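Before we start, here is the structure in question, set down as structure tokens.
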Amino acid sequence: MQQKTALVVSAHAADFVWRAGGAIALYASRGWNVHILCLSFGERGESAKIWKTPGVTLDEVKQVRRKEAEKAATILGASVEFLDCGDYPLRVGDDILFGIADRYRSLRPEFVLTHSFRDPYNFDHPFANHLALEARVIAQAHGHNPDTPVIGAPPVFLFEPHQPEQCEWKPELFLDISSVWDKKYEAFQTMDAQEHLWEYYTRVGLQRGAQASRNSGQKIKYAEGYQCVYPRVTDAF
Amino acid sequence: MQQKTALVVSAHAADFVWRAGGAIALYASRGWNVHILCLSFGERGESAKIWKTPGVTLDEVKQVRRKEAEKAATILGASVEFLDCGDYPLRVGDDILFGIADRYRSLRPEFVLTHSFRDPYNFDHPFANHLALEARVIAQAHGHNPDTPVIGAPPVFLFEPHQPEQCEWKPELFLDISSVWDKKYEAFQTMDAQEHLWEYYTRVGLQRGAQASRNSGQKIKYAEGYQCVYPRVTDAF
Amino acid sequence: MQQKTALVVSAHAADFVWRAGGAIALYASRGWNVHILCLSFGERGESAKIWKTPGVTLDEVKQVRRKEAEKAATILGASVEFLDCGDYPLRVGDDILFGIADRYRSLRPEFVLTHSFRDPYNFDHPFANHLALEARVIAQAHGHNPDTPVIGAPPVFLFEPHQPEQCEWKPELFLDISSVWDKKYEAFQTMDAQEHLWEYYTRVGLQRGAQASRNSGQKIKYAEGYQCVYPRVTDAF
Amino acid sequence: MQQKTALVVSAHAADFVWRAGGAIALYASRGWNVHILCLSFGERGESAKIWKTPGVTLDEVKQVRRKEAEKAATILGASVEFLDCGDYPLRVGDDILFGIADRYRSLRPEFVLTHSFRDPYNFDHPFANHLALEARVIAQAHGHNPDTPVIGAPPVFLFEPHQPEQCEWKPELFLDISSVWDKKYEAFQTMDAQEHLWEYYTRVGLQRGAQASRNSGQKIKYAEGYQCVYPRVTDAF
Amino acid sequence: MQQKTALVVSAHAADFVWRAGGAIALYASRGWNVHILCLSFGERGESAKIWKTPGVTLDEVKQVRRKEAEKAATILGASVEFLDCGDYPLRVGDDILFGIADRYRSLRPEFVLTHSFRDPYNFDHPFANHLALEARVIAQAHGHNPDTPVIGAPPVFLFEPHQPEQCEWKPELFLDISSVWDKKYEAFQTMDAQEHLWEYYTRVGLQRGAQASRNSGQKIKYAEGYQCVYPRVTDAF
Amino acid sequence: MQQKTALVVSAHAADFVWRAGGAIALYASRGWNVHILCLSFGERGESAKIWKTPGVTLDEVKQVRRKEAEKAATILGASVEFLDCGDYPLRVGDDILFGIADRYRSLRPEFVLTHSFRDPYNFDHPFANHLALEARVIAQAHGHNPDTPVIGAPPVFLFEPHQPEQCEWKPELFLDISSVWDKKYEAFQTMDAQEHLWEYYTRVGLQRGAQASRNSGQKIKYAEGYQCVYPRVTDAF
């Protein structure tokens, strides 16, 4: 039987850990190939602590972030790929867009995770969202690389931004990640440069867990929230 | 094993047919007890054709609508109950609200279907929505009839209004009803007084089916659209 | 030929002057019967100056406001009717609602003007909006007073609230009222108790006029803005 | 010098503690009279644990909640008043509304705190919001109790609901409550019946603190978020 | 007398047929010059069937789509022009933008039709919207090609996207196209590559017709829905 | 003591005058360094009257607008800098973006004023908004020019667009500018090319003043309205 795949499009090296680490670990634990595309290392905008090292260079910062992210991906059980497009601002040409479309074609993901539509604190995030969605549409086009088969219509879920209400992001789905929380927290710990976020995102996990419990009548300790881009198609509510 | 139940709160006698007939038939076909609460018969506002009968009385109109609705419910495989609260305008006291809360307690539905939050063409519809949601909250309160056990947190789905964009209603879930379309259409045909709607809602079923296909890559002929009131809690996307 | 009619539903005695005086005068000048329903006199909440008279009674305040409003209506060329439901808060039973529905039936208006959907400064305004819309729906119901013919679907336009952006009100239509501005301003002057509003609403007229010019390329000096409740049906853009 | 006052309108006995306890303690610590109106005790809907006591009566539940709330208010340094309107559903007549308006008149608050506009989990909350806002407008009306002076325009701030994104609530203001956090947490501990919320709302305080830091560049440990109903008027940004 | 003109900005070769074919045929039948700008042929993303031909090239696909679109335009009575900017993704430089601005200047359209503001299924559509609106603003600028006269303020109407609720598109105007439906359907039939859409858009026409009837009290069989970008300026409601 | 600074990002040469002239004059009168970045001169799109001069060149138009804007800035007490990026359309490369980021770094403004998020009449305005916000984020990034210190989190306020409701702009803050109104009006008068706007924006000032009075209970003659991008952080409501 073919291994199922999921695709994660992450603007910076650590976004996938804080925002979707539970989903990644959960599906990896089920034997899926979860593949993470990091558009940048977050080298300029999300590496404050590393920049405190005297004389550190941009390349060195990138290397540190790359290693952390690789380690985190390994802990979560996922593969990771770095497109090195730069951050603050993230900028890509259509070659990168087509490259992402080709990843859709080669991976044929069952679902896709990416950033919110808006974020007034971080314009790389909505841009990553746009890339992930536009590449998906291109991968559906019969005239794009007509020799490889088009993809279907994988659903896209938007993970939680840092300040959800300011980003017009609303959780429409709570994913119970209690069973893999340990892995998510272990992945946090690879992020030396952002230690202050470990506890922040632990509390996010607990709050979303409490809310998931409220919305289901089940006991759920840790959850991740996701917004849905497209309607769900189903034969059962 | 206990039979599972679902609850449908319908403002007028025919709403459940046009808007949720597929979901009702689908779950009935799976052995569920689907119970429909009709808050009114739609006797004043949705029985234009019957009122053309010279000398017809309000009670007679109600009787016609009741019979049609009972017949439709039977075709769909559901039970139906009429609260006779009046329509155009629908008005209820807290006794009715508590009655609906008690239905939640006695039925313990797995899910609930009702009207949209807004409808500038029909104020009975958002009022039915409010009743269905407020009764659900009361049924969760430990101090309401403390001798019967409180309910959990059944999800609520809002079925499609007549002019969806004008009602700020958005389909977030497409339910494939192809397998029970025949039953839904048969139920349409009990509604002698609203024959013009048979084809209208057949086209709705086909459009939502086409959209469900687009959003899933599957072939789906007929679908119903639903908006979700609460976040979904899940361990799989 | 039958005289055409329009209906204005005004929460307080003066609302119709500030907010819709131009539309009223314009259609009156074209020979229409424009009928104004004042749900209250604004006796408690919009008569600050009159209340400064030592010993003045509620009835006396009502009489002053009634006379002003009658005089304003006469200047604008409209008929006016007072339902005396009280203000701050406006409260009505279903008898009043049915009374308004019956006005729809007897007047058969070509269009209806009323308040915005929201107003956090004045809850009588959205309530008047709700009454005007719900009465319209009841007047369309064949089972309501089955002996009088139902109405069609007159469009409803929402006039400008005092602080438009705070009321989620947006002008979707600018009505050129330059030709009747003098009458509107003359009607302002009957409102002794609200002199501070004369200049405020003159400026509103000029700003909306300037905006109407921008949106049409025509020279328009005075305009009133309206939001549309229902889609326009037309055979020409 | 006259003592300044603030008014808190709380649907249930404990809402003011979880949602506004920091603001209350902060202003009390500055010598203000902070007055809390509890519309109900939350006796039916927010006292699950107490209802587990065999044979407990509604009145006994109310007494427990009253005592807890009085104790919490004392810890926070505020006065509290119970209107005993019932909960799940909260229902009030215009006498209560006028009573709240009279509190506005007698207290003349500098600002008002209350619930969010919407809450699909709890319809008492938006109803309390509506009461607080409508009473404010009535208290501004010269014709309401013309013998007592009208109030000005105190700003109204909406405290945080339990599931903010589901309630269309957005924090527009972060109040630094670090200096009074101990009091807030002490007040939590009076709420024996809702122990599961102590940690939940501690995490809320920490998350809002972290966000307040992000939005200001200051170090803030604990904060409360508020949405603003009316525009701020100022001579400095 | 000068012939009046209208401008249609269509992202792909067939959009103008499904979405605005009725409006085009209606105005053409009244003697207007309706000019269609096709930004692309939809060669990559909307020609699935043609790509099934073994060995077909991009240029051949374009030729097929061009012929179909020319034939459809002829049936509708309009002129058509292809800018060949590419699709999936549509990308244009400012030269194209200025070219569209110049079309505004030379055509001086009475109104403009184009795509919705958003479409998560197709990013070429909102981009075409943006181009149409930005070019209009440039054509209004006195400093752009100062030797040709600036345009006024032609209204812009947004035609219906494929899944309206997902695109935040709302019909604010229903255009009765019953008299030209035959031409619209004939134009559908030129689109061999998209046969599955003939019936889909026939049902759209019927649904919008039924809704137009509801909103007007007239019998209207087929309609097209449009959203309005700018307020309407009028001297009659 | 260090002089405090504020930054204004204005798309065209005159925007800062009409929209923020009061705020600029107010803070300048308090001894602040208010620095205005004009991204363009508005030479193509907002200089209609100048273009009527026969044979006038683009450079000459720019010079006229530059002089007017410099004179206006001087009257208001601010410094002004022209980036000459062109208008209708405004287009900038990342060099300009980084230049603005560097201004943030060198000025270290206490607050920032710029355009609204949307404006369907003028796409340069939302683009200026985006630049101002994205540059702010870059200036916060430790990896951007690591040798100069990052900035904190200055709040950003959006000044009033020409047609506020069409731009989804809402005043959340009213700044009392009565004390500096004379300077603002004097600055208006430098704008010979846009004389029709003097009275328009005088009325805006009066309307916002009246609304500021309503929202505060104070007498305020002239005000400017601002929307807030980020939550306010405070220790007092």
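We just call them A, B, C, D, E and F in the order they show up, numbering each chain from 1.
Keep this in mind: contacts are C-beta pairs under 8 Å (C-beta built on N, C-alpha and C of every residue); 3 or more make two chains touch, one makes a residue touch a chain.
Chain by chain, the UniProt names read as follows: A, B, C, D, E, F = GlcNAc-PI de-N-acetylase.
Remember, predicted model here, so these are calculated numbers, not experimental data.
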item: Fewest touching-chain hops separating subunit C (GlcNAc-PI de-N-acetylase) from subunit F (GlcNAc-PI de-N-acetylase); value: 1
item: Intersection of contact partners for subunit A (GlcNAc-PI de-N-acetylase) and subunit B (GlcNAc-PI de-N-acetylase); value: D, E
item: Longest centre-to-centre distance from subunit C (GlcNAc-PI de-N-acetylase), chain (CA-based); value: A
item: Chain located farthest away, centre of subunit E (GlcNAc-PI de-N-acetylase) as origin (C-alpha); value: D
item: Homomeric contact subunit A (GlcNAc-PI de-N-acetylase)-subunit F (GlcNAc-PI de-N-acetylase): same or different residue positions, threshold half; value: different
item: Which of B-D and B-E has more C-beta contact pairs; value: B-D
item: Centre distance in Å when subunit D (GlcNAc-PI de-N-acetylase) and subunit E (GlcNAc-PI de-N-acetylase) are each reduced to the mean of their C-alpha atoms; value: 53
item: Averaged-CA centre spacing for the pair subunit D (GlcNAc-PI de-N-acetylase) and subunit A (GlcNAc-PI de-N-acetylase), given as whole angstrom; value: 38
item: Residues of subunit C (GlcNAc-PI de-N-acetylase) whose C-beta touches two or more other chains; value: 121, 166, 171, 211, 214, 230-231
item: Pairwise touch network: line, ring, star, complete, or other; value: other
item: Pairs of chains, among all present, that meet the touch criterion; value: A-B, A-D, A-E, A-F, B-C, B-D, B-E, C-D, C-E, C-F, D-F, E-F
item: Subunit D (GlcNAc-PI de-N-acetylase) - residues contacting subunit B (GlcNAc-PI de-N-acetylase), complex; value: 43-45, 47-48, 51-52, 56, 58, 61, 87-89, 91, 120-123, 166
item: Contacting residues of subunit F (GlcNAc-PI de-N-acetylase) [partner subunit D (GlcNAc-PI de-N-acetylase), same complex]; value: 23, 26, 110-111, 152-153, 155, 157, 171-176, 211-212, 214-218, 220, 223, 225-226, 228, 230-235, 237
item: Touch list for subunit F (GlcNAc-PI de-N-acetylase) against partner subunit A (GlcNAc-PI de-N-acetylase), complex; value: 94, 97, 130, 133-134, 137-138, 140-144, 146, 150, 229-231
item: Subunit D (GlcNAc-PI de-N-acetylase) residues touching subunit A (GlcNAc-PI de-N-acetylase) - in the complex, by the definition given at the top; value: 121, 162-166, 169-171, 199-200, 203-204, 206-207, 210-211, 214
